[in-house]
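After this come two complexes, each holding subunit A, first together with subunit B and then together with subunit C.
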Partner chain A sequence: MYNSIIVDYFSKPRHSGDVIDANRELKIGNSVCGDTIFMKIKVTDGRVVNAKYKAYGCATSLATADIFADYIIGKSLAEIAQLLAHEIDSMLGELEPPQMHCLNILHDLFEQILSEA
Partner chain B sequence: MLGKYFDYNATTPLREEVASILIDNLLLFGNPSSSHSFGQFAKEKIEEGRSQVAALINADSSEILFTSGGTESINTALKGFFFACDKRPFHIITSKIEHSATLELCHYLASLGAEITYLPVDANGFIAIEDLVNAIHEHTALISIMYANNEIGTIQPIKEMAKAIKQINRDIFFHVDAVQALGKIPINVQDLEVDALSLAAHKIYGPKGTGALYLKKGNQQLVQLLHGGGQENGLRGGTENLLGIIGFGQACALATEELLQHKNNTVALRNYFLEKIKHAIEQIEMNSPEIEGDVLQNTFNISFTNIRAEALSVLLSQVYGIAVSIGSACSAEKAELSHVLLALGLSEERIKSSIRISFGLYTDYKDVDYLVDSLKEAVTRLRSILPVG
Partner chain C sequence: MVSMQTAMENLKELGFNPVTTAIGATQQLFHWDEAKVNELKGYLIAQNFQHHYENNKFYRMLCEDSGVTPADIQSLDDLHKIPLIPVTSFKRPDSHLLLSTSLENIEFEMRSTGTSGIPSISRRDAETLNNCVFSIYAMYREMFAFSRGAGLFLFPSPEEMPEMGMVKVLNMLSGLFDATRCLVKRASFKPKEAIETLEKWQNIHTRHIIGPPFLIYKLVNYLKTNNIHLKLDNKTMIINLGGWKRFSGMEIPREQYNKECAEYLGIPEENVRDMYGLVESNILAIECEKQSKHVPPWVHFSLRNPKNLAEEVPQGKRGVLAIFDPTSLSYPGFIQTEDLVYLKKENTCECGRNGQKVVYLSRVAGAEIGCCAINLEKHMDAAEEKSQMTEV
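Now for the complex of A and B:
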């Protein structure tokens, strides 16, 4: 029901919390299922140096926030912009139909970080 | 392992004593319909199982019909009566908190022209007898009510309902879904005066794939679901599930012996758990009735404010190895909320934050300690990452 990537990031989150000196903030809110992610990011010289989140939602959406943060930390915004849609899709592994909305959340997070760049 | 299992209302583990009987009879192969000694020996085993099931509900053996489980029993009773009865228009009364087997079946019968009334329940899940009585009219032919609810544990006043129904019209067929009640509370069909009662083996530590339908003597004019070789008094064709019936019988025999002791143990464990969890975790709401009497003492439905139950159950399962169940499914298109909790009038948020915990034969005090400690840690963790504002 939950693939090993989701189980791993949900059970052992690496990036939940707050970034005191954040200079970027991403917000996700799904009005239907209520999934909410507030992500704070510190970008220095066009590179993500820190990212942490607070979130409410299902296990897969919490894992999605963690997977996103894990991916962007240490990368430049230019590198992130190179990502192709199918590469983003594969980050969450194979999802069941009720979990598919988390792909939208993940794409939304990538769009937001790049649109604010 | 079993100490981390808190989902006994979903299904129960096979009891060792039942497993042992199954192993002893594994090589039994005679067809109970055969007249030779192999067949007759198998037939004897089936009749022994039938008496054991009958004894648990104080029925006569001849009133027990074996099926493949609760769903088939409910289908046999409701569809069987609908097709056997030439009364049209045909009105059915049931409740909003029935098992999906009953609700889906009622939707199907509605598509064939039946009129269905779904009775509401109060905040504790009880159907008012007055509502039941008021719903009965000249076309009412069938009433089906769940004895004990699987999600919140509410036990309906079946005896009083039967009395009220029969006072109005003795011909109304009264079926009771007793799948969740069996083995947890005493059931005495002589006292209840119901026409039919559905039962399942896997809820009382028996094997899956076996159930039974109690049919009161004189009420056996149903159209069978499975036409075939005339087994089960012509009411269910198909060679009997010999091992399943042997196991079901043994599970019932053990339940008959231990029911009261088990019930008392569960009451003590319930009080211990409730006191402990209320002290350990803030902002929780009980959705199952907090009364001593008419509620299954093993069943708890609890909402944890600001927690998504789905996430909590995954955390409990993946990190702590704990099994519970939840009242809503995650979906992007629509919230799939428990129809039982909706019928109680609970908000969407409260339903989404609810989990069901159900204790059983193998739950002990240290398991409850572990459950509460794990719940506390998991809830604290999920609440610690809640977005503010």
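Now for the complex of A and C:
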């Protein structure tokens, strides 16, 4: 049911927590089913130096938040903007139909981080 | 006679699972005497405690903090020593710590959403899900003995909300009925359609209505306002699950509800039945014909002093409910709820069944007013307001 990427990031989250000196915030909220992510990011000179989050929801959405944070840390916003849609799609590995909504969450996170840049 | 423990160990040796064996004997267990049931519950819960102690690092730490090991849990008298998981833990971002197995083995994530919008997620592996399905169907069969009929479902279809606990549990009834119709669509419900459906089924099926009280009450109120008196069937059941406290804060008084259901739906009052369940647990306590909510006989309810949750209150007194559910393997089913309840003083019932009988009172002060039903009501109210605005 869960691929090895999701199992790994869900079971050993690397970036769960808070960034006190964050200067960017991303938020994912889905009113009925309730998958929710609050992400705090510190960007310095156009580069992500730190990202941490609090996530509530299904295991795949929790792993998605961690995978996203893991990816963006250390990268410049310009680098992140280069990502192609199918490269984003592949970050979560193969998903079952009830997990597919997490791809929307992931794309939404990328859109949010680039939109205010 | 062999002791319970020896009998259970023998069963295990033969390859039977004591938990599923107990669930399969639901009807008999309701008629066992108290001491024998307690011996069985004590054994099952002690075994289950050992499983979590050995397989769950986080839970073991909790046990070590309170100085409890499996050797300390031998019978029902020792259960108060078992560390409880606060129900709010299922909403925490670090809820992965609750698992007694790897996510790889998880088959189903069930959710419930309260008014805060933060979901409570419980994750079940195959064996836990088996136990959960067996438990719920065993209780449905025991209390309702459904094998036919038609169910008017006043809750969203699982197609719209596939992981919502209340929907999943109520929808399991569809496997016992011949016809079902789900009348809550995209957060709206039209009482007129419900009446038409009930009329269409007349003289073909015994008709039942199932849903959270606020929606069934909506139908009854519509009948009342329009002075319509339906005459459903003698064996019609009105089955309720979900909060009696409405999102608007108004409580639906149970007695008035029973009377009005009887008057406007044309059914015997005792056929209005309430159920108590918890998404995080595999239990469903269901009312018998005497409207007493029977706790499944393999589960133990313990009531705690609201000011000191470590202290048990005597039977008959109100307290905060703690559940010991031995059917949960993927996470500890030893749950400290936020529900204020009491257990009826006698463990016997006019219906002939023995065992604990629970009466739900309210949420504890300060707890989020939350359950699937209230969140659903909130969304339906919002949708209704929106549609009224566009109609104007």
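Everything that follows uses one rule, which is that the second predicted complex is superposed on the first by the 116 of 117 C-alpha atoms of A that agree within 3 Å, B and C clash if a C-alpha of one lies under 4 Å from a C-alpha of the other, contacts with A are read in each partner's own complex, and residues count from 1 in each chain.
One rule holds in what follows: a contact is a pair of C-beta atoms (placed from the backbone, for glycine too) under 8 Å apart; a residue touches a chain by one contact, two chains touch by 3 or more.
Here the structure is a predicted model, which means the values were calculated and not measured.
Asker: Specify the outcome, clash or fit, for subunit B and subunit C once both structures are aligned onto subunit A.
Answerer: Aligned on subunit A, subunit C clashes with subunit B.
Asker: Determine, under the contact definition given at the top, whether A:His101 touches first (subunit B), second (subunit C), both, or neither.
Answerer: Once the two structures are laid over each other on A, A:His101 reaches subunit B alone.
Asker: May I ask you to name which of subunit B and subunit C touches more residues of subunit A?
Answerer: Residues of subunit A touched, subunit B against subunit C: more for B.
Asker: Where does A:Gly93 make contact in the superposed view: on subunit B (first), on subunit C (second), on both, or on neither?
Answerer: neither
Asker: Applying the document's definition of touch, where does A:Leu62 land relative to subunit B and subunit C: first, second, both, or neither?
Answerer: In the superposition, A:Leu62 touches subunit B and subunit C alike.
Asker: Among 63-71, 207-215, 243-251 or 315-323, indicate the stretch of subunit B whose C-alpha atoms run into subunit C.
Answerer: 315-323
Asker: Output the subunit A positions appearing in both contact lists, the one against subunit B and the one against subunit C.
Answerer: Common to the two interfaces on subunit A: residues 2, 7, 10-11, 13, 16, 32-34, 36, 54-59, 62, 98.
Asker: Considering the complex alone, what residue numbers of subunit A touch subunit B?
Answerer: 2, 7, 10-11, 13, 16-17, 30, 32-34, 36-38, 53-60, 62, 97-101, 104
Asker: Name, in rising order, each residue of subunit C that touches subunit A in their complex.
Answerer: It comes out as residues 91, 93-94, 96, 102-104, 106-107, 109, 111, 113, 117-119, 121, 123, 161-164, 379.
Asker: In the complex of these two chains, what residues of subunit B are touching subunit A?
Answerer: Interface residues on the subunit B side: 306, 308, 310-311, 314-315, 318-319, 329-335, 349, 352, 384-389.
Asker: Can you list the subunit A residues touching subunit C in their complex?
Answerer: Interface residues on the subunit A side: 1-2, 6-7, 10-11, 13, 16, 29, 31-36, 54-59, 62, 98.
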